[in-house]
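Each chain carries a letter (A, B, C and D) given by its place in the written order, and its residues are counted from 1.
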Amino acid sequence: MKKLINDPKNVVEEMIEGYVRAHPNYIKQLPANDRALVTARETKEGKVGILIGGGSGHEPGFLGYVGEGMADGVAVGNIFASPSPDPILEVTKAIDKGAGVAYLYGNYAGDVMNFGMAAEMADLEEDIKVGMALASDDVASAPKEEKEKRRGIAGEFFIYKTAGAAADFGYNLEEVIRVAKKTNENTRSMGVGVSPCYLPQTGEPSFEIGEDEMEIGLGHHGEPGIEKGKIESADAIADRLVSDILKDIEITSGEEVAVLVNGLGSTPKMDLYIIYRRVEQILNEKGIKIYKSYVGDYITSLEMGGCSVTLMTLDEELTEMIDHPVDCPMFVQK
Amino acid sequence: MKKLINDPKNVVEEMIEGYVRAHPNYIKQLPANDRALVTARETKEGKVGILIGGGSGHEPGFLGYVGEGMADGVAVGNIFASPSPDPILEVTKAIDKGAGVAYLYGNYAGDVMNFGMAAEMADLEEDIKVGMALASDDVASAPKEEKEKRRGIAGEFFIYKTAGAAADFGYNLEEVIRVAKKTNENTRSMGVGVSPCYLPQTGEPSFEIGEDEMEIGLGHHGEPGIEKGKIESADAIADRLVSDILKDIEITSGEEVAVLVNGLGSTPKMDLYIIYRRVEQILNEKGIKIYKSYVGDYITSLEMGGCSVTLMTLDEELTEMIDHPVDCPMFVQK
Amino acid sequence: MELTSSDLKEFFKVVVKMIEEQKGYLCELDRKLGDGDHGVTMSIGWQAINEVLEADLIGEDDCGKISVIVGKTFLNAVGSSVGPLYATGLMRGAKVAKKKTVMNEDDLAAYWIAFARGIKERGQAEIGDKTMVDTLEPFANELESKFEKSHNFIEAFGYAVKAGEEGMQSTKDIISKKGRSSRLGGRSIGAQDPGATSAYLILSAFQQFAESRSTQVS
Amino acid sequence: MELTSSDLKEFFKVVVKMIEEQKGYLCELDRKLGDGDHGVTMSIGWQAINEVLEADLIGEDDCGKISVIVGKTFLNAVGSSVGPLYATGLMRGAKVAKKKTVMNEDDLAAYWIAFARGIKERGQAEIGDKTMVDTLEPFANELESKFEKSHNFIEAFGYAVKAGEEGMQSTKDIISKKGRSSRLGGRSIGAQDPGATSAYLILSAFQQFAESRSTQVS
């Protein structure tokens, strides 16, 4: 493990400092808590505030998605660890413009507890309405009947995208949450890991894997997947990921989808496009129409190797929201 | 080496296929040569065509930078190998709209020969005016007195950015080339490598490096740098890179610069922002003003580990060009 | 036996030291089941506690306040799953210890029962879900029933820790149902839950600490 | 001796095979000095040549056309540094062989001299720059002078390959001045230039090929 860092204890603080200084027109730290970052452009009066957050190490997730068209603020946790309620509450207070705040985060025990506690405090102590929508897009993480138990992986990106647009369109809190939940309902992901990442503080690999192995269904923090096997060709991997997704959600010929092929950190764009190529072929064969594609590192796990494929079915409302422009330091869409 | 690929022989073809299918509104292959890609939006009549290119494996470099505000076409080589004259010539013919074509590429023997041959053919066989500007920003690659011998690394990004804007502004070929050359004159980079990449076809590491070593001045293809040493802290590395740059180009207090901290492939954004943090501190101490910062993977070397720092001094003209909006599949600026 | 506010602070110091020693082991357990950071998380939290013990809490002699501040410090420093869990435990304990500069045996039993039950309530986990509740619930039940009978805290706590240890060990043989490891299914069998382990280590550290205090006194 | 167009094609086949065998070695040399791809590049190029040999060139008996097409095929398949270099060499050779179905000893000497000088012209490298020119220039000079004297192609070619080999070996001791490895400075000492090596291997393959042909004939 070779990292370009100083004291491992300070990686999150120093990353945030670098980030805020690199993009002062986009983002700022709140004086009350340096893990609480909000848009430098100020949330519009009367707009629902979009709050995202989770552990660090997933960059561009999550701080990279604060900006016009997406989130108004982010609470930043330690590496792979939910933020505590304090920064969540501080962001909530800063971005509430009278219309309440939507909390969007992944379905992990830690996040559920910390965001839950913050939401209670926002309600009791600050009288701010909070709505919540959790990403649970990873089909590998629980059977279909227990979708609410599934963890959130790259599909979170689509939730920020659509809910961010909905808030911009002037939807109220209930409606923003409805859009976020619909997005989650319509979204499925499945990943594969081929090499681990290393926690800066331990220097240990996040999971063990043989020289010629891959792990299907691996989680975004190195949580074991559903199956270890010999590494296969990109086409075979894409076939497996897409077929597991399509077993879980029926998408019929003629339906439109958005596609995300997400790199976990150290997988070159070359490989991601080779995976995309096959995903497109499969969908094409089935008559499923690709409305828009995203290929790149959208939610990573430090320098983990591997990727995930996410499909989101679109209706008219969601299409409009996917098209909505975005201007964040780590993601811009015209 | 674990890659998400099929037959290593087909990586470039399959990447291009995936890329073109993912972004059909942005880019298309020319029927005459499938390594010749041009903007799907058609270059404007009378605008100077911007042609970029080089080896594959540097994604987003170079095909990722075809789009509004940057390049009109790209010739794609094999991995780390210059494209042959043929696709360069085909792109030239497709994007020439009567005002000639600017070839922008890095200073490598192979590129110089292949782009040079294509330029001759464009002139002789097609009667198209071609101008050329080479990136030679890597201060580690030759002494100051021989800047023309230096190789081009991440600084190429700034050349595409400004020359692309100049062409959009309606500058003629000579003027576009002047802007590109001025950008190169004003730009210096210096990199560090901590882990190699692996050529898909050989599976061998591009360079050898010990478990606790780094290589200062490493090239974008794994060409050996100027010095191997024990890996140091991010701050010490940033100090070294910036001080070598500032020894090479005088930047006085009050001057404005654009900064690029570029990841080589597998270095997490977290690390890049930690490096940026220190770069900003140093420039700040010297009174050098940062006008705009780019932090991320802009020109990579497959999954190589490490980063480079690029500084570009700005005048009024270049500032305007840095600000010009861009819409490419792999890079968007509002 | 009795525990003064400075004893309580000293106990927390003992935990700080113990966690530093066990950090690697706890990470190793978490690598098998989760994301490999449980030792790091615990260490970040207890190091932060160490700092307040050596600053804000120096003159504090209200066991309740000490416990609240220790809990909040832990929560803010770590977030994560265990942040809300242990923080809730410490804050529920603090209610028992409120305004007390000395805790007697009744207080201590009540403190630890509140600690364990608070965590269970926060996490909504049941025995058999392969979490720290597998340590804490048998521990609390045993402490309650044994202390009710004997009114000997040290003895009852000893039995309770034993029950907690067995609970911890039982996590090896069950399929996870809560937290990150719940996605593992059958593959989680054989691996001991890291949170169940850190909970046991804390209880066991208190047992030793209390025993050494009670022999000093007698 | 003489070489027919089918001999020429067969020689190119010999190179195809030789390059496949030497691919790993050439990459290894390039890893020390450059980007490690020289063997891959050569292999891509010669595999493409192999395909045209087995398709478009099947009925072709003009040695000039064969050589042009082989050169262009190589160029288009590889680009890179060696694409323009070897392609130029082959195309200059083609000028000599134009419209010939058979090449005699004069033609062969002229072909290889044009080949080597064409490469030098394209790359603008000088002896001592640590490139393939260090093999090719001594080779061409020796071929020219020895053949002028003896008019024995096989013998002159043998001397020339020897001179080329020495040139190749000399690249170990010099600091690179051209191409990727020029940035290495003093660190390039000790490593043999990959392009100088592949050039030598091709020349040496031709020597063996020609020798076997001339014994067959005589």
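Keep this in mind: contacts are C-beta pairs under 8 Å (C-beta built on N, C-alpha and C of every residue); 3 or more make two chains touch, one makes a residue touch a chain.
Values in this document were obtained by computation on a predicted structure and should not be read as measured data.
J.: Starting at chain C, find the fewest moves between touching chains needed to arrive at chain D.
T.: The fewest touching-chain steps linking chain C to chain D number 3.
J.: Would you mind pulling out the distance in Å between where the CA atoms of chain A average out and where those of chain D do?
T.: 54
J.: State, to the nearest whole Å, the distance from the C-alpha centre of chain A to the C-alpha centre of chain C.
T.: Taking the average C-alpha coordinate of chain A and of chain C, the gap between them is 32 Å.
J.: As a quick test, compute the distance in whole Å between the mean CA positions of chain A and chain B.
T.: Roughly 29 Å, centre to centre.
J.: So which chains end up touching which?
T.: Listed in label order, the chain pairs in contact are A-B, A-C, B-D.
J.: Can you check the complex and tell me which residues of chain D touch chain B?
T.: Residue list for chain D touching chain B: 24, 27-28, 31, 33-37, 39-41, 43-44, 75-85, 122-123, 178-185, 187.
J.: How about chain A: which of its residues touch chain B in the complex?
T.: Chain A residues touching chain B: 2-6, 11, 14-19, 21-23, 56-57, 59-60, 64, 192, 194-195, 211-212, 214, 231, 233-235, 237, 265-278, 280, 293, 295-297, 300, 302-303, 305-307, 325, 327, 330, 332-334.
J.: Which residues of chain B touch chain D in their complex?
T.: Its residues touching chain D are 9, 55, 77-86, 108-110, 113-114, 117, 140-142, 149, 151, 199, 201-202, 204-208, 219, 221-224, 226.
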